[in-house]
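One structure coming up, written as structure tokens, with questions to follow.
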Amino acid sequence: MHLLIFAILIPFFAAALIPLLYRRVGKLNIGWFVLIVPLILFIIFALRIPDISAGDTIASTLEWIPSLGINFSIYLDGLSLILALLITGMGSLVILYSIYYLSPYDSLPHFYAYLLLFMGAMLGVVLSDNLLVLYVFWELTSISSFLLIAFWFHRKNSRYGAQKSLLITVFGGFGMLAGFIMLHTMTDTFSVREIAATISQYTDHALFYPAMFLVLLGAFTKSAQFPFHIWLPDAMEAPTPVSAYLHSATMVKAGIYLVARFTPVFGGTSAWFWTVTLVGLVTLFWGSFCAVRQTDLKALLAYSTISQLGLIMSLFGMGSAALYFGDGSDGALYGLATFAALFHLVNHSTFKGALFMVVGIVDHQVGTRISGV
Amino acid sequence: METLIILLVGVLTAVAIYLVLSKSLIRVILGTAIFSHAVHLLILSMGGLKKGTVPLLGEEAPSYVDALPQALILTAIVISFAVTAFILVLAFRAYQELGTDDLEEMRGVNDE
Amino acid sequence: MSIREIIEFAGVLLILIGSIMAVISAIGILRLPDVYTRSHAATKSSTLAVLLSLIGTFIYFWASEDFISVRLLLGITFVFLTAPVAGHLITRAAYRSNVKLSESSTEDALENVIARPQNTDNKSGES
Amino acid sequence: MPAQFLINIMIAFLWTLLMDEDAFHISTFIGGYLTGIGILFLMHRFFGTKFYMIRVYSTIKLLLIFISELAQSSLLIMKQILSPKLNISPGIFTYEHSMEGDYELTTLALLLTLTPGSVVMEVSPDGKTFYIHAMDVEESRDSVLKSIKVFEKAIMEVTRG
Amino acid sequence: MMNNIVLLPMLLPILVGVVLIFLRAYGRVQAWFSIGVMAVSAGIAFYLLEQVQTNGILRLDFGGWEPPFGILFVADSFSLLLVLTTAIVATIILLYAMFSAGKFLQTTYFYPTILFLIAGVNGSFLTGDLFNLFVCFEVMLLSSYVLLTLGGNKRQLREAIKYVVINIVSSWFFLVALAYLYGAVGTLNMAHVSVRVAEAGQGPLLTTVSIIFLIVFSLKAGLLLYFWLPGSYSAPPAVTSALFGALLTKVGIYALFRVFSLIFYHQPEITHTIIGAMAALTLVGGSLGAIAFNDIRKIAAYNVVIAVGFILVGLAVSTPNAVEGAIYYLIHDMVIKALLFLLVGTIISLTGTAMLDKMSGLMKNYPLLGWSFFITMLSLAGVPPLSGFIGKVLVSEGAVESGSYGLLTLALLSSLFVLYSLLRIFKNSFWGETIVSKEDQVPLKKTLLIPCLLLVLLTVGLGLGTELISGYVTDAAETLLNPDIYIDAVMGGGES
Amino acid sequence: MKINDVILKTVSKAAVLIIFTFGIYLFLSGHNEPGGGFIGGLVLASAFVLLFLSHDSETISDAIPLDFKKISALGVLIAFASSTVPMFFGQPFMSQSFGYFDLPIFGKTELATVTVFEAGVALTVIGVVVNIIFSISEDE
Amino acid sequence: MIQTILTIALSLFCLAILLALYRIIVGPSMPDRVVALDMIGVNLISGVAVFSVVLHTHAFLEVILIVGILAFISTLALARFVERGDIVEHKRNN
């Protein structure tokens, strides 16, 4: 059992501690205490960079339901590490920002508890090797996103947006679950690595394509790909730090992470290539097109996020073309596309996060986020 | 004999269903009661109507009839008795509260 | 024919007479004009019919199996005791629930004693 | 009166014990009872009351009256039922009886109900008057009134000794 | 093998219930007695469960009559798991009843009736004889009639009449099916029936009989024939509907599982297909109903229907995974339906209305209640890692294995409808502007929350601690799938 | 004119005596002959019902101060408790045993544990039936 | 011989019951029906007695008394109901 398992659990414990802590801390802003959590996690993950870049991977298992093959299996490779760093890093910044952003009248312990919950869940998504555990964390991100969007639940729009996002992402989640179950039926394992290793035997299996599309359904709903992008603009009712953190930097990247994770599994087929690429491209154009018409700054940023997500998605799709055309994963096309996608992923997270925060500041100072008023 | 009883069961069931489908609650209750009798007869005939004496220790005879269906029917009679009694009380209470024993009209009564 | 068989036969004959009387009283139930007269048929001949057949049965068992059935005796007593009361109660109930006497009735001593509601077209109706 | 009966039972029981049998035999008991009747018949004057078997006799007589009335009335009813034309004139008439106590009253009412062509319909609240429905008023009033005296006497013989 | 202790889960509630009749005036004492007896039977059920793991299926022949004569109780893992869950859930519901019930309920034989109901439920789970099953059903139903009418407002009376008449008719159909079965195989001992059916082959006649059984149990379970369910489950007070929601339909489901896995398993292409179709229609109907109403009691009642459909998908598919999943889901559903109805009842008692559009912003005033409801909602929708998750995964996996993609789709979509229907409640009643001021708010008795929180803990615990019960569930599923285990255990002792 | 029920009352007194005797006989004969707790209980209950019908409920409650709900509960208790007893002797639930005893006067008599069970059943039936008749028929 | 007579007697009782049934159906007043019902009960008793003679068994003799009791009670209850509209009074007036 590896220390990293606790890295996932730390945010949950911290979230549970907040209500107790809040009573003790009193007037001191609790955000400062919360900030410690992502910072420590960031350092933990950063310390792994040398090992991982050297090509090592870390795997560890904590038993949950061994009789059914469902366990907390941690698997840390480059992809996971990048996202983990992104999550913890952006997390620290957003918490720092929100310390100043939120008014003391808001229910701070709730906010930070949700945020930590989300952080743990997201870490779980990117670090899990077991499909069902991944699904567990996947749904947890949806739930924490739901709670965060409806943070100001007395507003009608917040409730509407929260409900919409929850229903769509859970719908996708159920589809993805069905896909995972099909994968399990085919390969008799829940481990992503084992599936990727043995999937080549099953490409003719009747369940192969249904499983692929169902997994993609999950990825597309989470990453707000066309036509499931509609929840993202409504989710902008959330407090700005949340928008910055969940709805541009991290949670929406979960779908992309999934696509990246499953490229070795499904990437060798034309259907994968065409679906991912085309959906990505359509999302890219449609997002940009809609963004142009917006006057609300946050909505504009939301649509811009959608289009950027489409871009990253299509990049992964193109990368998989290399596998499809037999170029192999060592080829230049695959490497380049994947590199570009990952780079843009980080890139987008940082700049979009920054933009959101700026909009938040504008909103704060000017009192409106509608441009041209 | 079995055929006769089965026919009787059919007639009773038809009557019972006719009654159960009527509007008046008391007819419905009668219908369920008749239905229970039909079912008891059915059990009896399904056990097989054999020649023989009543299965009692006091009686001495070369053959006894199957005692199980009778035990079943006795239990079923007790249960149907209890249920019918309960629903009669219920119907009476409903009649007092709702002022009607017509099922159609009952539906029209507003909540609370 | 032994004595025993003769007694058996007598018992069976009693049963037969009882059954004939039962049918006659049942015809009476159909023919007589109103409840009150019908209850005569029901309480008298019918009771006698059942008593006869029960006694017949009793005698038969006694003769054929030397079996004195206390249950039958109890039953006879019970019917003998209750049948007139039943007739009494029914006629009383009928009168109090406004069942009319038949047309051919000549006398009604209760007319002025029991206050009967004065609606002529009552639901219970006449025969 | 009950005292005599009890004494009789006691004599019978004593008799059974004196016989010194292995088990209780009902025949011995009956024999004892019969002996007791004999003893009591001899002795009843010392008790100062009537011999109780007379009461038993009158009870049996009452029962016989009951049965014969029942047979008569049934025959009458059946005759009327089976006659091709119903030739009856039913009606209700009253009768004041001279019975006392619930048991006497009830017995009389039962008897009346079983007599030819009459049913006791009501009893007045004070219990003194019967309202009787008759199959054929004119005919049965006389017969009822006539036989009713007999009944009353028979009943009183039983209850009052 | 003779084990009198098998009887206790049914016997104890009856005995204590009877004793409670004499204690009519002492409401508190009654409550503690009933809670105590339920806790004890939970302990007994657990002990028996352990026994079954080591010694195999337990059996008790009444009066020492060897099977197939006489009536008997048979305890295998499946029944005992359900008995255990029943006992635990009932304990908690009784706790709620004690804190909430007014003087009126306590003095109208409320607790004895509940105990009789539970006795009937446990008896149905444990019996090994079809006629005895009927009797236990009737014990349960009679108590449920009484519970439904206690209090006796107009709505309750009206629904009770509907409920009683439907159940009477279906009970007589049960007897009709028993009669035909007896005529065909000459026995009613379940194991013996199974042997005879296997010997004679499940011909058209027996298949028809099995379909009558299917109809009867479907009526009780609310499978497709659920039209009576929403009304009667939403009419009575919270405690009663919690008991109904948690226990009553489950007995029907249990009977379906038992009969169609032990006796009529020879013609799955007919019977199990029909079950599948019925389950599918139930899922659709339940989902539509759940989102169509504004009355939160109705919504909760329709959720019962959906769950029934979901569990029966497991039976229709009948692969090892599916059956195992169905058992997990059954246990989960007993816990969570009790919780749901208790919460709904609490909400209604706090707001004084059952209409969604008339309540708002409860979260501010009653945060703990709100979070309980939130977790309930997620658990019902099968969101991990709560208790509904593992059952859902396994049933879905069974559906995938057997190629029933339609059922799979419906099952997963129905979860979404569950989520949506409860989300509506959560969104409307807990979120939004708080319309009741601090002064006007009805105080929520802290004690009422204790049972709710216990159930919440249970659902979370069942989710995280699935491994703890997985051994039992696997054993239960194995027994269900291999009727020979059951038959050997029952018929082994006597003549065969 | 007020209703005078004197005939009914007198006759029903006699009838109730007959019914009671018969009911107890039925109850005791249930071993080898038709009868037993249930049937005996029903007959006994009908005696009570007859009393209630011929008199009014208050008179009867004064004369026979029994709570019929509690009687039925007591009956269930007796029936189940007597069935439980064999469990303490290692016998299965509901096991019955009987033996022949020489009692004074009665001679050789059969005593069976089932009689206790039957007594419970009879009490239950009496209580339940009387209760039901009561709740259906009693005026407000 | 005996069997024939008994069969005839039995069928005559059945006939009587059917005739009374006709009266129950036709009415016209409630007491009429009660009278007929009472009669059916009485005839049933006789029928059972004859039946047990036919079958040479004592097993049905209890039935006679039970039917008698039930017939009496039901007649009584029905008569009361017709008369006063209730069956069990709480407190008698006199």
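To keep things simple, chains are lettered A, B, C, D, E, F and G as they appear, and every chain counts its residues starting from 1.
We adopt the following convention: a contact is a pair of C-beta atoms (placed from the backbone, for glycine too) under 8 Å apart; a residue touches a chain by one contact, two chains touch by 3 or more.
Because the structure is a prediction, the values reported are computed rather than measured.
Engineer: Please report the minimal path length, in steps, between chain F and chain G on the chain touch graph.
Structural biologist: Between chain F and chain G, the shortest chain-hopping route counts 1.
Engineer: For this structure, which two chains share the highest number of contact pairs?
Structural biologist: Top-ranked chain pair by contact count is C-G.
Engineer: Taking the mean of the CA coordinates per chain, how far is chain C from chain F in Å?
Structural biologist: So the centre of chain C lies 31 Å away from the centre of chain F.
Engineer: Please report how many Å separate the Cα centroid of chain A from that of chain C, as a whole number.
Structural biologist: Their C-alpha centroids are separated by 93 Å.
Engineer: Roughly how far is chain A from chain D, centre to centre by C-alpha average, rounded to an integer in Å?
Structural biologist: Here chain A and chain D have centroids separated by 104 Å.
Engineer: For chain B, write out the residues touching at least two other chains, lowest number first.
Structural biologist: Touching at least two other chains: 54, 56, 58, 82.
Engineer: Hunt down the residues of chain G that sit against at least two other chains at once, touch-wise.
Structural biologist: Residues 58-59, 62, 65, 69, 72, 76, 80, 83-84, 94 of chain G each touch two or more of the other chains.
Engineer: Can you list the residues of chain A that touch 2 or more other chains?
Structural biologist: Residue numbers touching two or more other chains: none in chain A.
Engineer: Please name which positions on chain F make contact with chain B in the complex.
Structural biologist: Within the complex, chain F touches chain B at residues 31-34, 38, 128, 132, 135-136.
Engineer: Can you name the residues of chain E that touch chain A in the complex?
Structural biologist: Going through chain E, the ones touching chain A are 361, 363, 378, 381, 383-385, 389-390, 392-394, 396-397, 400-401, 405, 408-409, 412-413, 415-416, 419-420, 423, 427, 431-434, 464, 466-467, 470-471, 474.
Engineer: Using the touch definition up top, name the residues of chain F that touch chain D in the complex.
Structural biologist: Touching chain D: residues 1-2, 4, 6-7, 9-11, 105, 107 of chain F.
Engineer: Which residues, counting only chain D, touch chain F once they are in their complex?
Structural biologist: Residues of chain D touching chain F: 23-24, 102-103, 105-106, 109-110, 120, 122-125, 127.
Engineer: Inside the complex, what are the residues of chain G that reach chain F?
Structural biologist: Its residues touching chain F are 59, 62, 65-66, 69-70, 72-73, 76-77, 80, 83-84, 86-94.
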